[in-house]
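Just below sit the structures, each encoded as structure tokens.
Shared between the two complexes below is chain A, which has chain B as its partner in the first and chain C in the second.
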Partner chain A sequence: MAVGISFIVTSIAVVIFGNSLVPYDPTQVNMMATFQAPSLQHFFGTDNLGRDVFSRCVVASPVDAEIGFSIVLISVFIGTFLGSCSGYIGGKVDETFMRITDVFIAIPTLVLAVVVAVALGPGIEHVIEANLVGWWPVYARLARAGALSLKESQFIESAKVAGISRYKIILKHIIPNNFSPILVYATLDIGNAILYASVLSYLGLGAQPPQAEWGRMVYDGQVYLVNAWWISIIPGLVIFAVALAFNLLGDALRDAFDPRYRK
Partner chain B sequence: MVRPRGLVGFIARRIVLSVGVLFGVIFITFFISRVAIPDPARVWAGPRASAAAIAALTVRFHLADPIFVQFYYYLVDLLHGDWSVSPSSGQPVFTSIANYLPATVELTIAAIILTALIGIPLGVLAATNKDKAADHVCRLVSLSGVASPPFLAALLLQLIFFYYLKVFPDSGGRISLAVTPPPYVTGLYTVDSLIAGDWPAFVSAVQHLILPSFALAFLILGLMSRLVRASMLEALTSDYVRTLKAKGLSRRLVIYKHALRNSMTQPVTALSLYVAYTLGGSVVIESIFSWPGVGRYAAQAAQSFDLPAVMGTTIVFTLGVVFANLAADILLAVIDPRIRLR
Partner chain C sequence: MTEPVLQVHDLSVVFQTFEGRYNALNNIDVTINESEIVGLVGESGCGKSTLALAVMGLLPRPHAKVPSGSITFRGTNLLSYTEKEMEKVRGTDISMIFQEPLTSLDPLFTIGDQLSETIRIKLQRTGENVRWNAGKVRAEVVNWMKRVDLADPESAMERYPHEFSGGMRQRVMIAMALAAEPRLMLADEPTSALDVTTQVQILRLVKSLVSEVKASVLFISHDLAVVAQIADKVAVMYAGMIVEEASVNEIFENPLHPYTQALLNSFPKEKEVKKSRLESIPGSVPNLTHIPTGCPFHPRCGFAKEICPSAKPELRETSAGHKVACVLYDQP
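Now for the complex of A and B:
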């Protein structure tokens, strides 16, 4: 837990202040210093154009962070609202909604994201939109499950008797009480979102060169894998580290919220 | 109307559901390719198409007609195997995918077998050593798998085993260039070479299969071992296990014969999830290992912004997930009679 938090705090700091902290200009091409192995001067080495890999990684972090957070945040909003409504209202509406989410969940998320991204064209906003399509159903399911279990509880009954409108009940009572499992999952999910965003960029669908983006850097550096592994592997390790940190954080959150694990 | 009961009824209901899901997917792909983008004909014709080519496409796919007409022809075309031509390769999408499909099937099956071979023991180990060193190691391994971008594992494996250790000969592909592939029976080189009794081909095919399937398995290992661990923990603390232990049954028998079998429901249910992640991961991993499968086809298509090809891939992959779902449901219904009553 501590590892995850400290790593994420550092990452956030990097994201916010990164651009002013980089030792080298990430776009600076320097043909005299190409393919340098990691050293004290270039922590992550230099790439085929002599650009400092460390600086590029740092500069790329806001891009991926923005994509990851946007995907999860928007999915949480859309999914939670739709799922809670569906679960609370029940009946045919719920049935239909479940079938619809079934369809989305049946499509492998990555493939769906690729299709939408190809249809929409290159660019970061399209990466976010593309992933959103496959992301929201999971939160809808989660919210629905919570709504179903909350539906029968006493305080909801009394709210209904008091004459509070359906949507007010959903907004003010059901959703806030369902908060923690969704929060836990969302935290875990940010790491996932960053993973998927990087894969889309790896395939050339997201950030376009010369913009620095971790997935894209892995792709560009692949050709040089044998002689200059750091160009490709290190951005990959960065993605891994970030995803791992969010996973650890999410796991710790889940353990903290789960009464079974309390000491 | 009487709801058919029993195993047959269960399967029938599941099939009906699956068809519904498929229809939904087809509708979604239709929506994405025709409705959501402003000028489909231009996109399909490719960036350098002439006005005549675009007009021809418009006529052929009824793009000027109302949506319902378009959807009707879309369905008809789909069922006839006319999935249009990929602008980047110039080949019909359906034929290309059909050609590449066996390779991906082989890879997916190998990956899932590997996942089960490694993931189940890992989960059992973690459950029987809860909170001890082995549990933490297993947790670390599964976390790494889940948090790994697919290209990282693949590239690292290639680097270490191909270039540094030189363990596997040849680079990329399904079989060594010096070896002739076996005659086509199933399309799976490993199976076909065994059928033909061609030992060198079999060895070569397996050698090429190991790294990519391991890279894929690594991604879903964590999921399976965590499910096994959770189910095992529940089983191990249940009443019937306590009874068995009280009766004096050896620890080994209790774990492997009873607890394990009863904790298989959750991991089997997740089969469609494994297949979904494997197919998604294959897009990247097939590209890196030059594995001539549908995943690599999709990756190349994506890079060229080739919409028809990517859409065809989506439909095929979803079909795969739906089949896996069906298979898992049927398997479960056979194993666990309680499920048939749902």
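Now for the complex of A and C:
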């Protein structure tokens, strides 16, 4: 837990202050200094155009953070709302909503995202939109499951007899009581979202040069993998570390919220 | 005489399940007059709570069906109301309290928050703008917490349900149910989960508050002793039917139906402490998928006659205000 949190705190600092701290201009081409191995001058080395890989990794962090958080936050909003309504209202509404989510869940998220991204064309916003299409149904499922069990609980019944409207019961009692599993899942999921977005960028569907983005950097460097491994391996390791950190944090949150996992 | 607050007439409720049709209520008639407390007594699973849910319009759909009957509340049939219209009736005109005070409050909100939720609804329906009137809502919350004898309301309202005992939570529930000054309160075994001393306090509290706000009460319980303390009139239910109805004194002094007599015999009496064994009713409550034909009580009844398995007895008045459904009292 401490590892996850400290890594994420550092990452947040990098995201906020990184742009003003980088040692080199991340888009500055310097043909005199191409393919330099990691050293004290260039921590992560330089790429085929002589750009500082470390600086590029740092300035890419707000971009990737934006993608990861947007995908997950928007999914949480849409999914939680639809899922809670669906589970609580039940009957035909529930049946309809759940068949719709089934359709989305049946298609692998990544395949769906690639298809949508191709249709929309390259760009950061399009990466977010493309991933959202397949991302929210999981949250709808999660919220629905919670709503189904909460719906039977006594305090919901007493809210009903007190004359509180359906809509208000969902907003004030179902969603807040259902929020901790969703929060835990969302935290675990941010790493995934960044990973998926990087995959799209790697396929050339996300960030466009010269903008720095981790997935894109892995793609750009793979041609030189044998001679200059650092150009793609290091951004890859950054993605790995961020995804791992969010997983650790999510695990820790689950332990904190659910006494059954406490030691 | 003024018109009754609630008149349930010929009400039947059926649950359609995979195991078959549960006839939860069979042609029930109940009348509750202005400021009257009606006790509804019966064993577990005889349909008492179903009646309350039917009145509230909260029967679990789509499994529950109402093949016949009407529920008339102040002149209109509640069964003809839509869900939206029922939402307006609940809480302000008819309210309800439940058996489990421990789980009846949302664990995430303070007592004050939850009480003010109902008080806001009440003020809104009387046409007041509550959004800019937090002070008034708060004053009303404090007032109601005092009325249900919660000590130190100012600090208690900032606390969460888990910090309250069962009795205290039931007081909060009572305040929530009565804060809107409803015409009718349904109490579904409100004291069954509490210990006996708390039970007595809660019963007294309900009785005095109900007469203050002039509400009528349908008091559901399996415990005749509890009903004896609070009710004006008692209806005895068996297998989804009302088998006897009379004033509380009449039921205890002159029970007519064999089931009522058996129920009373299974209670310890002060004079007979030496008697080591309590009487019990032979057999068990019938499964509602297979209610015995004729009188549902005949397989367990000590007075059963030949006619009982074939003829379903009607609820008939034997003396003023005393109704019973048993062939023993049919006039030849």
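We adopt the following convention: the second predicted complex is superposed on the first by the 262 of 263 C-alpha atoms of A that agree within 3 Å, B and C clash if a C-alpha of one lies under 4 Å from a C-alpha of the other, contacts with A are read in each partner's own complex, and residues count from 1 in each chain.
Basically, a contact is a pair of C-beta atoms (placed from the backbone, for glycine too) under 8 Å apart; a residue touches a chain by one contact, two chains touch by 3 or more.
Quantities reported herein were computed from a predicted structural model and do not represent experimental measurements.
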Fit-or-clash call for chain B and chain C when the two complexes are aligned on chain A: fit
Which superposed partner A:Met32 touches (first chain B, second chain C, both, neither): neither
Chain B versus chain C as contact partner of A:Gly91, first or second or both or neither: second
Which superposed partner A:Leu40 touches (first chain B, second chain C, both, neither): neither
Touched partner set for A:Pro176, first chain B, second chain C, both or neither: second
Touched partner set for A:Pro108, first chain B, second chain C, both or neither: first
Touching partner for A:Ile239 - first (chain B), second (chain C), both, neither: first
Partner, of chain C and chain B, that touches more residues belonging to chain A: B
Which superposed partner A:Glu157 touches (first chain B, second chain C, both, neither): second
Touched partner set for A:Arg166, first chain B, second chain C, both or neither: second
Superposition-derived minimum Cα distance between chain C and chain B (Å): 12
Residues on chain A lying within both footprints (that of chain B and that of chain C): none
Contact set on chain A toward chain C in their complex: 91, 153-155, 157-166, 172-173, 176-177
Chain B contact footprint on chain A (complex, rising order): 99-100, 102-104, 106-112, 114-122, 191, 195, 198-199, 202-205, 215, 218-219, 222, 225-226, 229, 232-233, 236-237, 239-240, 243-244, 246-248, 251
Chain B to chain A touching residues, read off their complex: 17, 20-21, 24-25, 28-29, 32-33, 36-37, 43, 143-144, 146-152, 155-156, 158-159, 163, 272, 276-277, 279-281, 283-284, 288, 298-299, 301-303, 305-307, 310-311, 313-314, 317-318, 321-322, 325
Contact footprint of chain A on chain C as seen in their complex: 56, 58, 61-62, 83, 87-92, 95-98, 100, 103-108, 117-118, 121, 173, 176-177, 180, 186
